[in-house]
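This is the structure I want to talk about, given as structure tokens.
Chain IDs A, B, C and D follow the sequence of writing; residue 1 opens each chain.
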């Protein structure tokens, strides 16, 4: 699985813990966001929310690990976009249930609140459980069908409530999209020329100029 | 403040606990959703998510208390819509931080996972802190300005990424919107004739026929 | 390892969950306490605390899994006795740290507070981590020596502060010791005739008459 | 109420947070332990456990706030002594339940594990609830009598299982008792000449020489 780790500024110092906790699992890790609190250029959770949604909607990654101080900010930012199912994950039980029940493609971690000694171990335990079960496999097993049905409907709701991603790209304020597109490494990850959807390719090209 | 409590089917048995915990605070409580697990007509978190967003976008309530088994389902459902800022709130510290930092209009409670003995007291403690601080007042105080700025930008993102609510109403599948519009009490709460926005009024009238 | 599970009356309904979570780990499980809330004969946490300490001090088991509604009652009861190191364990991280740092022989679980849906899975995760590390192995590794030193001193303190177990047996009020000694299965587990320590054997014989 | 705050070396940096959270409640606060991680002279949880038990058994304070990295070490240390009822308290609900159900005279806080941003606020919320209810008042109210009964029995068990405090003082290894008796401020707090119990006075005098 291709997993993007995207940290915003207030908890970027946790980036190393996240990378360490993801190590050795056979996944391709793309460390797309910040790596140190308050470094320049800076991304707030508004930016990392967009960045995460963009990488998911472009099919550049399969999963995003994000977060912020409490986890609530990144969660609300990334959920503004279509095609995102994001869990607020604080421990390994949350991870195990979310993976099976909600089958999401994103998690938001609390990286300052409650993030004390041994929180790096907690991250490891979270990923152990998150990636140990069949995504969307259902829990308990007899709820599998109805939970899958809920996820299918949620996807159709997401399509109905959001503008197409190309339109979104066109409409976002500069202050939101520019810091993302200009963030070191973003252009290569987005790789605009290889985007199959002509509208989306055009919209991104326009904003990247 | 006008607060809607909206329970889905899997945790509707907690409805009485929520109402009791909200009592005596001087708020107007509108108990809009289910009150007993598995009763008919049934609302899943897909429906309560729409219901919550509708009441907020129509200005019928100022705040929604929702949730589901883990809190992740309702959270992802309600966040499909514009104009919603929703926290995943498990304890009184979460509530206190979310109210001040994110200044949201919705919370999603975990009403089965971790909901054991004395969870009714925990709900009371959550509301004690949620409503004891200035919404969006900022925490810590010196972050007030930058947090307000983030909320303003988030609101503009929400407007850019979502279709207008009237369009959303028109586009939602029947299986999502019908159970909400036909839920006992919903028509009176929505009060379609008094909706100021002509497009939204027309869209809802159309779906209510 | 020989592990005793000892439930008191208020949370005895969780006994089946604990047994299920311990299954398949290659340990010998001795289900010594209650199996149903409020059944007769009844053991309170005062009794299960003594029972746990007795089985540990007699060398009948290597580890005790106990608890009560919040976990605080059993913890305070079992800690009245010498030779017990008990952790208050709520999640898998607690378990993993306690096993390595404190190297204890007992845990107290919260079996009503916070014990909601999926709490049985949480128990499984707790045991996964509790038994996956070297007891007293130290965490982080470089603290191993000083943590071992603390455990050795704690053991010497325990010997200095408590009366010998034989004296304790002689001094305990009837209301505390009788329900334990007369509990179904207790006599066989205690197996008084095979106790090597003559004083302890005599003291227990005296109370069993 | 006279409350002693007693920090050991690994989490002494939290001392200022604890003091701040206790402020303005009308209690007399005695800051008896360490105030900075690793400072000299150093107290481990073995020492703070004894110190806490000593102040309680001498009647010098009514309540002790202690803790360590995870809370488990101090808990196990202080529980070696008679007359101590100690809760492992992680949040405000724990505090509120423990105060009413167990009516204890000591709490052990986790001051590194889970101690992240806003943990100082959590401490304040803990003390808000700990001191807002009648100690031992019972919860739920109809369990008041049986919970009081359990506490009375626990006190009698504590007397039966432990040596008298004067004997304990005489028997403790130098490495345990010396660092406590010689800790700055300890002699004044203990105030050996004013101890009414002649045996205890003599035992302490002996160790203080």
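Following the convention adopted for this analysis, contacts are C-beta pairs under 8 Å (C-beta built on N, C-alpha and C of every residue); 3 or more make two chains touch, one makes a residue touch a chain.
Here the structure is a predicted model, which means the values were calculated and not measured.
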Smallest count of steps, each to a touching chain, taking chain A to chain D: 1
Which of A-B and A-C has more C-beta contact pairs: A-B
Chain A and chain C, separation of their C-alpha mean positions in angstrom: 43
Computed distance of Cα centres, chain B from chain A, in Å: 23
Interface hub residues of chain D, defined as touching at least two other chains: 69, 93, 97, 113, 118
For the chain D and chain C complex, residues of the former touching the latter: 44-46, 49-50, 69-73, 75-77, 79-82, 85-88, 90, 93-94, 97-98, 101-102, 104, 113, 150, 153-154, 156-158, 160-163, 168, 171-173, 175-176
In the complex, chain B residues that touch chain C: 69, 110, 112-119
List of chain B residues in touch with chain D within their complex: 91-93, 96-97, 118, 121-122, 125, 129, 139
